[in-house]
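Some structures to go through are shown next.
Each of the next two complexes has chain A plus one other chain: chain B in the first, chain C in the second.
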Partner chain A sequence: MNASTIVAAIGFGVVTASILSLGSVGFTLQYGMSNVFNLAFAGVMGGAEYVALAINHAGLNIWPSMALAALFGGAASAALNKFVYMPFIRRGVKTFGMVIITLSVWTIIQYVILAIVGATASSYQLPSKHLYVVGPIRINGIQIILIVIAVVALALLEVFLRRTLWGKAIRGAATNAPLARASGINVSRIMDATWFISGLFAGIAGVALAMNVASFTYTTSGNFLVVLVAAAILGGVGRPSGAMFGALIVGIATEVSAAIFNPAYKDVTAFVLLALVLVAKPAGLFPEAVQRKEVVL
Partner chain B sequence: MADRSMNGSVFDSSVRTALCLSLTAILCVVMSDVAGATSRTSTTGPLTIASVQTFSGSTASFGPEQNAGCLTAVGIINGHGGVLHHQLRCVPVDTRSDVVDSVPAVQKVISTTKGLVGALGPSSTTASADVPLLNAAHVPMFADTGQTEFTKKFFKYFYRIIAGDDSVGFAYVIWAKQEGFKRIAAVYVNNSSNEGAVPGILAAIKSLHLKLAVKQAVAPDQTSYNSEVLALEHSKAQVIVGTMDPQTAATYLTDLKNLTGKLLPYYSEHSAAEPVFKKALEGAIGKAAFVKYYRSIHPASVIGGTAFSAFKKTLLTLSIPDPSQWINDPYAQGPYDAVNYMALAMLEAHSTTPTVFAPFIAQVANPGKGKEVVHTFSQGKAAIAAGHKVRYVGIYQDVVLNRFHDSTGGFVVTKLAPPATTAPIYTISSAQVAKVSSGSHS
Partner chain C sequence: MSNPVVYYVSLLSVYGAVYAMACAGLSLEFGITGVINFGYIIFQAAGAYTAAVLTLGPSSPSDFQHYVGGAHWPFPLPLIAAAVVGAVLSAGVALLGIRRLRSDYLAIVLLVASLIATTVATNATTLVGGDAGLALVPHPLVSLFGNNAEGVGYNLAYAAGAAVLAAACFVVVHRITESPYGRRLRALRENEFAAAAQGISAFRLHLVVVTAGGAMAGLSGGVLVQYISAWAPSGWLYPETFVFFTALIVGGVANNWGAILGAILVPLGIGEGVRYLPQIGSATLMVALQWIVIGLLPLIIFWFRPQGIIPERRRRFVGARVDAPVSPDSLLEEAELVDPSRMEV
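After this line comes the complex of A and B, so read on.
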């Protein structure tokens, strides 16, 4: 095993991390705001994958297809929260009960997709992939664009959360919803906005994932969910910047481990890492400022 | 510790009680088993073939594929008056690729289905759990698994006309050598469905004096396989052999193409015409590359002839989505043959009771002196009615069931002949496989 192989694996890891970070940031944003551990996030990703497929096969380039799929993801995510989850929360369903409900919703979405598209595999019509070689690192044009999209999206989110009134309202409501409400913040609207934004990330992540795996089915996003959640927990669930670092660590660790050890245990590396970090820092690398116990109404 | 054998009264009473309880329990089990078997088979209604397969989950395409074969056979059989005045039907049993789901599903079909006379499947992901259940319930099954654990383990009601995974491994390497390759990469997904061929691959490489370039067990459904592809490139492999699920194979080969700018020939047991596999790989690496680089090595089935024509004609009349996609699919053709074996065995046995007709399955499948060779159910039914013993030779070729009810069979190497059919390009006989596996090949 030489150094160039490790460097090349780190390069591959950055590509994986860029897709992972889009998903884990969206996932953690939902949790940070509402304390709903939304496993149906993968369902929204899956739905967006097929919306992009329909648009792409209708003749539109993959990038505008991705943008439209992201909008679908945002709308679906906001609707899911408002019309499915909130009624349960209003009826007093607690955190664990909500996990089961999100699991049920995910299963339903998966089977609806199966009923519509079938068990067959699908692929996007992608532009040709030019390979760029920088030392031992090899990366194609589409992967570079995916990294750029991830970096720009995550930077915009950080700026939005820290520099805008809406962003500050989201952070305020996420930290203490009753206090935010008492301060005149319309928490319900903030909640809708947060779920919409996280849905945008789910949509982009779903399409990016489907592009990178080349061929996808209705189960593809679900298979990705476990690693995505691991990255979010590693970074400190509820903290978008933490999820970014979590994704980077998981992405690079899995690729480097595949290069060094048996690639069959690629996923195991991520979970061993997660376990080690949680032993040292039980709330993740960047824990949320305020730990809430229950779902936010 | 008290010596209970010294205390006669305690020993006697406890043993008597235990014996009584045991006998009662055994009697209950036997009675329920007999009652169950009777209730399943003494009906005058339709006879049921359970299609135990994955209809949802990552291998959800296996179910419709197998069911297409079942429905075709049942369509023909019912069109010719059924079996002993019974119509046949196929009932899907969804294993969801998981024993957690398959065991209750199989138990349910066993306990609630009247006229259950046979099963197609299960496949590798659930076979270890489902086969003993079906066997204990005396349900003859034609399993869709190559797992080597069934190669030498006897289950009275287990039958298999697809080759064991170990034999498939030999076939891959035999074809690689035939093509002139010397450095072989074994790349496979690390689960029970896909690892079975590996011992055969390794043994054949040794026996045929070739070189193992790299052996990679890859995790399924990853975002990318770039690191694995890099290792493959460094190994200077000339050909990839081994079984990967469609998504994993598509991602792996796409990464190979993107990273190295070229593809390597790839052999696996997925039929080139298998809809999910074909669509996944064509979408990922392109149609031309799929035709050029992919070779399927699967149980020898014949495209053409009486058996195939009957299958094709009826299949195309079925009310299922796009029946034409299954015409050249060996994993739809095998179940078709399996139903015919069972139906003809019932006719030979003059019984629809599985415990009675099961021994006749091997008789119908295997060659024998004085037997009339038939290629369709209707031919078989007519021959049996005329008092002849029959041997059914269906779409699958070279089927001979051994004492484990297992047929090593032969293999056919096929490539995709666009748009959706396959073209055979080489045949590997069971004798060739046996020769290499015994190490006698030079």
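After this line comes the complex of A and C, so read on.
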């Protein structure tokens, strides 16, 4: 095991981390807003992957396909919350029941995809990728663009949440919904917006994930959910900036462990990290945001 | 009865008994005590592998399948070992997880553990046979039936034996549920802090319950593998745990009869019922439809009958306030879910 292998693995890790951070930030945004631990997030990712596939195979370049798939993810996510989750919450289903419901929805989406596209693997028609070699790090043009997309998207989100009126309303409603309501914020609309934005991230993350592997199936996004949830919990669920750091740690750790041990056990590393962090610090690495708001599943 | 019919009936009975055992254990863990064990299938799988390996005999390098710890144990030792392994693993999880983690994080960690366990079992080809799993597991006591595992007598006897074991699990769970001990478990489920204030040790009760549930899961795996004589990671993916939870929710959470009813209705009824549907497409499509139906079931139940088909019987105490029927949601202390429509100014 020499140093250059590790450096090369860190290079891969940064690519993985940028895809992961898009997903875990979207996931944590929903959770911070609604307290719904939405396992069907992976279903939205999977749906977006195949929407992009259909558009891409119809002849459009992958990048506009990704943008359209992201819009699909946003719409699907907002609709899922408004027309499935909210009615159940209004009917009095509480936290544990909601986990079962999101799990059900995830199962349904996953097997609807299987019923439509079958179990065969698919892949996008990608523009030719130029391979850049910087020392031991080998990275192709598409991966560089994916990293740029992640950085730009996360920066935009951070600015949106910190600087704009809508962003402040989202943070206010996530912290204390009744107080936000009393302050004149239309919580219902803010909630739709939050689920739409997190769905955008799910869509981009899903397509990016599918682009970064040689081929994908209907289970690809589901398997990614393990790592995604690990990253989100690591950063303290409900906190977007924490989720970014969680994604960076998990992404690099999984790739480095893949280089040192067996690549098949990448997800195991994420799980061990998650278990260690939860046992040592049950509220995540950055607990202060969570302490203010009791987060119960 | 002709041979294929007997074989099918006994197959269904064994499956029913296996599901009933597992659901009885999960009913104790989740329904009565409120532990959300999303990794329940791991313990069934562990029991199945244990029973398989302990009857297959030592693994030799020239074999087509490789595993650790092979032995030729006589019946009923492999089944006992399966239950013990299920119990010990569950106790380990309880010791590590339950004390440290909040119930919500524990649920997620167990779900993730379930995904990881299949990853490890698939990729570690010499641990328990890898992706292909273990096959040709010997049937127990088949020598008593002229070494004819396909025979009518053997199949019926196996089904009867499995039913007896399922009944035993049910009686154990039911006796616990109806005893003062069961009352403490329900108290723990309803409000852990209030229960602790009454001197009930949450940790000790959780440990006992999860260990007992794990033993039943392990036993069910052992009984299953010795009948179907094969076991592989594709048979215990994480959605299988979801099937058990669906069974409990459909049958009625926290009612042991509901657990048994759910075990018969959901895995057996839907899994087998799909076979009789007209073959409208490929085999993949049929599998997908089966899972879509299983996914829709909890949604339908939560919408129309959240307490399940057989609701939990509310215990009445003189002078005590009797609440509305229990739904799966009252099993945990709740966070407020954000509902804009309820926030009238």
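Methods note: the second predicted complex is superposed on the first by the 285 of 297 C-alpha atoms of A that agree within 3 Å, B and C clash if a C-alpha of one lies under 4 Å from a C-alpha of the other, contacts with A are read in each partner's own complex, and residues count from 1 in each chain.
In this text, a residue touches a chain if its C-beta (ideal position, glycine included) is under 8 Å from a C-beta of that chain, and two chains touch if they have at least 3 such contacts.
Note that this is a predicted model, so its numbers are computed, not measured.
Student: Put chain B and chain C onto chain A via the superposition and say whether they clash or fit.
Tutor: The answer is clash.
Student: Identify the partner contact of A:216: answer first if only chain B is touched, second if only chain C is, both if each is, neither if none is.
Tutor: After superposing on A, A:216 lies in contact with chain B but is clear of chain C.
Student: With both complexes overlaid on chain A, does A:182 touch chain B (first), chain C (second), both or neither?
Tutor: In the superposition, A:182 touches chain C alone.
Student: Could you look at A:25 and tell me whether it touches chain B, chain C, both or neither (first, second, both, neither)?
Tutor: So A:25 meets neither chain B nor chain C here.
Student: Thinking of the overlay built on chain A, is A:86 touched by chain B (first), by chain C (second), by both, or by neither?
Tutor: Only chain C is touched by A:86; chain B is not.
Student: Please work out whether A:37 is in contact with chain B alone, chain C alone, both, or neither, and reply first, second, both or neither.
Tutor: second
Student: Is A:119 contacted by the first partner chain B, the second partner chain C, both or neither?
Tutor: Both partners.
Student: Quick check on the superposed pair: does A:267 touch chain B, chain C, both, or neither? Answer first, second, both or neither.
Tutor: Both partners, chain B and chain C.
Student: Could you look at A:15 and tell me whether it touches chain B, chain C, both or neither (first, second, both, neither)?
Tutor: The first partner, chain B, only.
Student: Which holds for A:275: it touches chain B only (first), chain C only (second), both, or neither?
Tutor: The second partner, chain C, only.
Student: For chain A, which side has the bigger count of touched residues, chain B or chain C?
Tutor: The partner making contact with more of chain A's residues is C.
Student: Can you tell me which of the listed chain C stretches (21-29, 111-119 or 147-155) runs into chain B once everything is aligned on A?
Tutor: Once both complexes are placed on chain A, chain C clashes with chain B in 147-155.
Student: Kindly list the residues of chain A that each of chain B and chain C touches, one partner per complex.
Tutor: Residues 111, 114, 118-119, 223, 262, 264-265, 267, which sit in both footprints.
Student: Which chain C residues qualify as touching chain A in the complex?
Tutor: The touching residues are 36, 96-97, 100-105, 107-109, 112-113, 115-116, 119-120, 122-123, 239, 242, 245-246, 249, 281-282, 284-285, 287-289, 291-292, 294-299, 302-303, 306, 327-343, 345.
Student: Please name which positions on chain A make contact with chain C in the complex.
Tutor: Listed in rising order, the residues are 33-37, 86, 88-101, 103-108, 110-112, 114-115, 118-119, 173, 177-178, 181-182, 186-188, 191, 223, 226, 229-230, 233, 262, 264-265, 267-268, 271, 274-275, 278-279, 282, 294-297.
Student: Write out the stretch or stretches of chain B touching chain A in their complex.
Tutor: Residue list for chain B touching chain A: 56-58, 60-61, 64, 190, 216-228, 230-231, 234, 246-247, 250-251, 254, 258-259, 261, 275-276, 279-285, 321.
Student: Touching chain B in the complex: which residues of chain A?
Tutor: Counting only chain A, the residues touching chain B are 5, 8-9, 12, 15-16, 19-20, 111, 114, 118-123, 129, 131, 138, 140, 209, 212-217, 219-220, 223-224, 227, 255-256, 258-259, 262-267.
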